[in-house]
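One chain, chain A, links the two complexes that follow: it is found with chain B in the first and with chain C in the second.
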Partner chain A sequence: MSGHTHNADDRRELQMARSMCWHCQSEMAGEYFCDRCVKVQPVSKDLDYFTCFGLPRRLAIDTQVLESKFYELSRAFHPDFYQNKSDAEQSISLGNSAMLNTAYRTLRDPIQRAEYLLDLEAGSVKDIRTSPPADLFEEILELQETLDEFRESDRSSEHASTLRAKLHTDRTNLEERQRDMEAKLQQLFSRWDALQDRGEATEQARAERTLILKDMRDILSNRTYVKNIVNDLVATIA
Partner chain B sequence: MARIVGIDLGTTNSLVAYMDKGTPRVISARHERAMVPSVVALTDNGLIVGDPAKEHLTRNPERTVYSVKRFMGKSLADVQGELAYFPYTLTEKGGVIRIQLGEKSYSPPQISAMILKELKLRAEAFLGESITKAVITVPAYFNDSQRQATKDAGMIAGLEVLRIINEPTAASLAYGLQKKTQGTIAVYDLGGGTFDISILKLKNGIFEVLATNGDTHLGGDDFDQLIADLLLKDIRAQHGLDLSTHPDHMQAVRLQAERAKIRLSEELKTTVSLDLPDGQGRFSRELTRDQLEALCIPLVERSLGPCRLALKDSGLNPTDIDEVVLVGGSTRMPLVRQRVQALFGKEPHCELNPDEVVALGAAVQADILSGGTTDMLLLDVTPLSLGIETMGGVMSSLIRRNTTIPASAKEMFTTYVDGQTGVDIHILQGERELAKDNRSLARFRLKVPPLPAGVPRIEVTFLIDANGILNVMAKDMRTGETQSIEVKPSYGLSDQEVERMIEDSFKFAADDVSARKVIEARLDAGALITTTEKSLTDGGHLVEAEEIAKIRAALSALAAAKEGADPRAIRGRMADLEQAAKGLTVAMLDDSLKQGLQGKKISDVT
Partner chain C sequence: MAYSEKVVDHFNNPRNMGSFKKEEDGVGTGIVGAPECGDVMKLQIKVQNDTIVDAKFKTFGCGSAIASSSLATEWLKGKTVEEAGKIKNTDIVQELNLPPVKIHCSVLAEDAIKAALADYQKKADSK
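Take a look at the complex of A and B:
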């Protein structure tokens, strides 16, 4: 119960922070700067990265637009331009810049962008997979065995070079799988964007939405799992 | 706003620059080079810096500190392998290296502060105003401790360090300003002691660093050392002499090696020769550019690894790089230019003076901070991943390397045991898997209210500011209370120690001032002796022999005082001499007036 009241307070506080200038206390209409006293305003904590860059919540984004908006906001927030300002403004500039940099890094990368969108839409933190995905189970168990055997082998022996050759093939196969997954993700991204563009509120659209998000989450966590295995493999045979 | 200068605090040389109506310029003292050798020597007249100190490298090697930048933010264990190469004595106190100079020992930031103070004085003399604010450059690959140590040096020198910026990015600012370049550039910066590679995107005045990499222990010094080792081996073979027990001769060999290296950038062969100790003759040998290159190629190759990593991290191929810019004195070596050209597949730019471009860029950044330049903005990155130690001694990364700064990461902490009142946090920097293989930055204890295990929720924010320096804040999510965290740096000076060194520096300043007073008094005394002697020769016939004897006595008294170190005694004897010579001076003046009047009409005089 106490948790509830706390959240409500938090929300009210945020509401206040957003609607009132911290400096002159006037009603805020401007986005990041107060219209009246022109002081920089702290970016609200519940502002999502898409909104921050003025972009729709889509998975295909125009990276040129993203970049130019990033540069524009960097010019607005960067601490370099607040050296002669008050401590309060310097601290807002620092916080806003750090948030902006995180937002840009997240949206610039298609995978991180999708993970972030999934978090926003489904409110779920990324699944961390600890066992191989079903369709790769056998393959990965065998690979682990080969890796162990290789680690214990005498690297100059003929046996080791046979194992190394096998591991190279496994690596190629896994990288192929990773690319497959990325292609599937691309399809899901397009489906997501199309669904959003249609903006239907039907039962069917809702079911489609849930399905896309679920598939996206599964493939993203499988991809991360496979990527980690490949990294481990590359480090071992290097 | 008060003027902010830009300072390149280099391993071998340091420079100060300022912005002159939109153009950055380096400041040189009258009749001197702009470069101040980063050398500090303890002499009988106190501490001296720069060119005069450099002369003491061979004369007084145990009391002459060079390449101090290599020790900034380091512990003795970090530099164990190279201690043998330095003739001065290094010790350690509280995790910070101390350099022994006579009776006293100094931390690397204190030595660096002496160099900074010299630059500050130069800037003040040139600009005719007091300078209290500066932008100082550091190698891009410097870690948090090394940056902090640089900031401390500034404070000790009486400079507020408004920004620490990376050397290759500073160079890109100067380069971009002059060339109006757009596109992707790689800055290859090989200095006296450090190597950096930075890849940047330049677009409409924004300088966005995509990736940076480097080696804080690779530079011209290492080339010199290889040549010196070769010479020492030769001397041993030819003369049966082991010079490693002669610190002054070791320094001479090192200096000869450096000079030979520099000559071989222009010539194909050169001769190295030097006197052997105790009149054992002279050593001489020829060194060709091919021999030098065979010796140095492993070091040059070592710089290419970081270049490839930086390309990989920025997601680019060598062909995506539009321009390659060379910075640092060591890029004058033809071998370096060849290897860089081969890697990137294009001829590198070297029109800008590689020794000055970093200081010029620092001046540009200083102008941005003071609000003069508003169309340029540098977006730099953190060179190393930042993380914390987790269960099992593994490093968990919070802010990845090559993340644009300012950057922040939040981490939630809780307790494992009922009533636990603290959580120990160990902050690390580096790319290795295990905590012990990375750089320990700091440890601190998070205060937690005693509650059942798992109930407390403390959010810790790790923020890397625009200087690349870490700040830590904690907030109790249940009460909303923020906690100030006192971070104890693992390697570095505490705030109190810096405070004390600032106080000490005023004492040194007093020493410096008195040393300066002695020098000035001696100079003035010398001038007075010369003119008085000249007067005796020219006008001795005009006064009585008794008076001449008095003048001679005062002259020898002044000459004796001039040998001492008491400026008041020197000034006192000068006054005595002036008094004794007064009659002579007046007589000579009268005489010259009479001479002048001869042959002239009254009307000409009145």
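Take a look at the complex of A and C:
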């Protein structure tokens, strides 16, 4: 195989490259069933979930297409249909079904889909991790301290109601920020998809890719921190 | 999945919970987070004559993260700055019997130690 670069298109080609049927050893071109002997083939562990469903590596995906493809493949691999087949085929059917379920669960949820894409691209983009959000940490620690103070306070006291009012305001602000982050994420998703669709291999396109991925990583991380503190807030003052 | 006895013990009786004033002389502060789970950990050391005389932590996260940082503060006390830098997350994993899905909690504690040491060094150098 030639092509040692870490380009997404190269990798897709690699998956579709010819391989050999485990049973009749005839050459195949990446299908799930051998043309010649019709035996089921194991889904390669290197196959990414997008390729597994025949989808491009985009963040906006048609969930109906995903679902119908999932049902189609689920039927094709379902262990029930392999009960009378050989051990090898039964085990392939089990493995493929497990992989398919994980792939579907991951791609169905937009956030998990983005996290997965970041994992996939981490190899091709150096240092996708960015610096920790120090300000956000400080803010969270401070909020947690107020929460502790409130938990320990006498709920009927004036001090407690002052704290409660403050925590309510904090909660509203944080929820506002959550909406903000969601909107920014959506924008990044669209920018990523547009870039994928253009398919340019220029230096500029590569730089933009890296930037988009880093921004996505940042927002997704911050989103988790904020979600945790909002959950704590809601649980405590509700 | 059940927590090991040691994790439960640290969780129920956390050692050295609390904080020092950041500006205080000889205090190094490390604040780190795990983006996977959203846990946030603050670990502080107080250094005198190159030895860590006291350590405190505050962790908002799961039991393993709390236990990892609690254990870290116990280990830090009495160590020199150089020795403290040698604490590895694998030591914590071993001591607490952490399962594979909780290894990132021990990594967080190691990162927090490193961040606190770096902060102490930075403050010492700028004097």
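Things worth noting here:
Operating definition for what follows: the second predicted complex is superposed on the first by the 181 of 238 C-alpha atoms of A that agree within 3 Å, B and C clash if a C-alpha of one lies under 4 Å from a C-alpha of the other, contacts with A are read in each partner's own complex, and residues count from 1 in each chain.
Methods note: contacts are C-beta pairs under 8 Å (C-beta built on N, C-alpha and C of every residue); 3 or more make two chains touch, one makes a residue touch a chain.
As the structure is a computational prediction, the values presented were derived from the model and not from experiment.
Residue contacts after overlaying the shared chain place A:S221 against chain C, while chain B stays out of touching range.
Once the two complexes are overlaid on the shared chain, A:P42 sits clear of chain B and of chain C alike. Of the two partner chains placed by superposition, only chain B is touched by A:Y71; chain C is not. By the touch criterion stated above, A:P110 is placed in contact with neither chain B nor chain C. Contacts of A:A98 after superposition on the shared chain: chain B is touched, whereas chain C is not.
Once both structures are placed on chain A, no chain A residue is touched by chain B and, in the other complex, by chain C. Residues 132-134, 137-138, 140-141, 144, 217, 220-221, 224-225, 227-228, 232 of chain A are the ones touching chain C in the complex. Across the complex, chain C meets chain A through its residues 31-33, 35-40, 42, 58, 60.
Those residues of chain B that touch chain A in the complex are listed here as 1, 162-163, 203-204, 206, 208, 365, 368-371, 374, 377-379, 403-408, 463, 465-466. Across the complex, chain A meets chain B through its residues 71, 74-75, 78-81, 83-84, 94-95, 97-99, 101-102, 104-105.
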